[in-house]
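In this document, chain identifiers A, B, C and D correspond to the written order of the chains, with residue numbering beginning at 1 in each.
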Amino acid sequence: MVDDRGQIAIDFLLGISLFLIALIFTVQFIPGMSMAGSAREGSLDYTAYRTATILVEDTGWWGNNTSSGTDWESHPTDNIERIGLAVDDDPTSRLTNSPNILSKNKTTQLMLLNENDLTETLGLYNQVDNTHFSYGYNISITKNNAPLVLNNTPVLLGETVPYDRETSKITRIVLVETGTIADFSGEELPMKAANQEEYPLIDITGPLNEEVTLYISNFNITGGDPGFKKLRLDGAPLSEVSDYLAYKISPNGTIEIIGTTGKIDNDDVVAFVIYQGILTGSQTYQLEFQFKDIEFGPTSLPVPEYQDVLTTYYEPAYLTVEVWN
Amino acid sequence: MKRLIENEEGVSVIIEYILISLICVGFFMIITINSDAVFLDTPNDVVMEREMSDVGNMMSTMITDMYLILPDNGYIDTEYRIPAKAGRETYIIDADVAFTDQIIEVISPSSGKKVRVTIGGIATTMPINGTASSSSTNHKISYESRK
Amino acid sequence: MESLKKDTRGQWIALSGLVLSLILIGLAALANQALIAGYHSSNAVLEFPKENIRELNSHTRDNAEILKSLSFEINNSTNNTVPVIFEQLFDNYSTQMETLYAAHGETVDISLVSINSNNGTYNNNSDIDVIFVNLTYNDGSTHYVSEPEVIRVTK
Amino acid sequence: MNDKAQLHTMEGLLAAILMTMTVLMITQSTAIVTPQNELAIDVQLEQIGSDTLKVIDIAPQTSIIRNNLTECVASWDTTTEASYPTNNLEILDNSISNLMPEILYNVNFAYTRNGNLTVKKVIIHGQPADNAVVVRHYVTLTNETVKTMGGGWNLADDEIKVVEVRMTTWKV
């Protein structure tokens, strides 16, 4: 065996065996690698969908030995069996006639629930071989890409969404009760005693510890440059920056901040948001709206009271539920 | 004859031939032994897992959707279609555990594989029960308010 | 054969071919899996006519309110009594709904069972308080029957 | 040592790196973006579409949505159909696009006239894509609502008209 021809074949043999070994391993791993990795995640495919559906279209349910109903938000210590946020007018019947309208009380109560109750009642968990483990979740109600703030708390539950994980996500469009609003019609507002121009008045009884929102609609335009000048509280001017915000909503839904130069059309709605902390005294405040070239009701009308015309204020928002393992 | 034995030319070729054959036979054997596991079982496992959790999710989602429109007086029933086999095996959908645990189980009796899917809080207000086997032809979920 | 063995060029090309094919296998597996993923759950959600049934129900509720105030209005100018007017309007409503649903291949039936007055008279808007309606819906695979659907008309 | 074909080796190495990167990129991206099949997208579209119509339908006077669905439908003048790109129901169009940006839609009205079904185009935003989903909602018009909104429905005082608002939604 001194012939050294053909030795190269040993090289080749070594190479081919190495290669074959490598091939066997690859073949064994490729299918496992790409498929098994995401197999577990399959079970949460529609978890987000179901959670969002229950939250948006159901009222929730509580019950103890003696009674039960959909008003779980007012029985936080009792056994909450299901969490739903839809408003309901009849707590004894199981279903609601107003899906997609979210109750403010239910939403704020949801924020107060503890982690364990939440995952349990919303079904955000799975059981594998009798070990209970919770999914990661993120539930939020957003408006203009920022969390909606109810009672000074942003509606945001759960953890931040991990970006290296496969998640299951759904977004629902809802109307949320965010507070109250007083809606006044132009001709119902009396002008201040006929001194200079037509400044309508509204009474507000304090103390109020939240934002106050007023709508004024049906403007009777009398001049060529109808607009809003300023807002006065008991004779003293309020600051447009720190005390209140005024904007108008046109019939097609566009919103525009009106400064002292903004024009008002007769089918616009002008909204005033008076910030928290302005009307905190126990007294009756009088608001004076200084408009230009707009006529309101006669001075003989009684000054309307803010509290008498209060209705619930609804805002469109997005409820997003995202779930991961 | 002597010349043949003493001639060492081509020996390496024979050795090479033997070695190659050995390696190829070895390779072939490994592939034959493992082919079932590699090409059928692993993908089948994955496919089963996916299909079963898909079916479980479908049941849970349908029950949720249905619950939200149940009439106060009356009934509702809906037929649904599920694949007869997940991977290569038949399976059973078991909702009886939902009564206590808010969970729907999809079980394959032959391999004992089990996938569980949760239902979001409905089971506490309304009993959900029943089992369905994938091999039967008609599947139906129904609710009647008077029962 | 000998010349092929000696020619060592192109090894990388052969190897790239292998790698490429492996990648293709992987991709095919991924694509396949995406196809399998959630077909039945999605399909069930899409096919289950939740919104159609809910619309039938909730629109009939809304409509009952509209018809109630309309029938009191019409009552001022005709000799017919409020229940008679209401019934006519309701029949009209259900025919229109049936035609609209039929266009989607769904059979619905909306029929008025009774109009209930809290004090037996039909003089003003607040007299009618509850209306009973039978609703059925059928799209071939889902059947929905509500007999009766109790509608409180209090506005 | 054979030092020929160094360039080939480099080329091969580069190719290998390129391919590994591609595989990595693909697996990574599928892990971040949930692999959604077309049906799952349809589910979301249907959900968003029907939510939008429902929210507009139930919107009270005192919200940013000034006119609810019934009022929007009542204000339609019935004679002119929409033809791309002119739409003749501005308010409804605005309300819908405010609620679901990034989604395109067409709106048709379907109603019965002398017992026959009539379908009219109202808002057109283009040709629906293959994965388009149709959602619908119903409103009842009376002469009173039509008169206050100034529409052209020409109803008698004792007539009601049920209108199906049919919205086709799709993603580009």
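Basically, a residue touches a chain if its C-beta (ideal position, glycine included) is under 8 Å from a C-beta of that chain, and two chains touch if they have at least 3 such contacts.
Treat the numbers as computed from the prediction; the structure is a model and nothing was measured.
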| item | value |
| --- | --- |
| Chain pair, B-C or A-C, that carries the greater number of C-beta contacts | B-C |
| Between chain C and chain B, distance of the C-alpha-averaged centres to the nearest whole Å | 32 |
| Euclidean distance of C-alpha centroids - chain A vs chain C, Å | 26 |
| Separation of mean Cα positions, chain D and chain A [Å, integer] | 22 |
| Whole-Å gap separating chain A and chain B, where each centre is the average of the chain's CA atoms | 40 |
| Overlap residues in chain C, where contacts from two or more other chains coincide | 26, 29-30, 33, 37-39, 41, 43, 45, 54 |
| Where chain B touches two or more other chains at once, by residue number | 43, 46, 50, 54, 57-58, 61, 65, 68-69, 72 |
| Sequence positions of chain A contacting 2 or more other chains | 9, 31, 34-35, 38, 42, 45-46, 49, 99 |
| Arrangement of touching chains [line / ring / star / complete / other] | other |
| Which chain pairs touch, all of them | A-B, A-C, A-D, B-C, C-D |
| Residue ranges of chain D touching chain C (in the complex, touch as defined) | 2, 5, 8-9, 11-13, 15-16, 19, 22-23, 26-27, 30, 35, 37, 39-40, 42-43, 46, 50, 110-112, 115, 117, 135-140, 142, 144, 157-162, 164 |
| Chain A-facing residues of chain B, complex | 8-9, 11-13, 16, 19-20, 23, 27, 30-31, 34, 38-39, 42-43, 45-46, 49-50, 53-54, 56-58, 60-61, 64-65, 67-70, 72, 101-103, 115-122, 124-125 |
| Of chain A, residues touching chain C in the complex | 8-9, 12, 26, 30-31, 33-35, 38, 42, 45-46, 49, 97, 99 |
| List of chain C residues in touch with chain A within their complex | 5-6, 22, 25-26, 29-30, 33, 37-38, 41, 45, 54, 58, 61 |
| In the complex, chain C residues that touch chain B | 29, 33, 36-41, 43-45, 48, 50, 53-54, 57, 135, 141-150 |
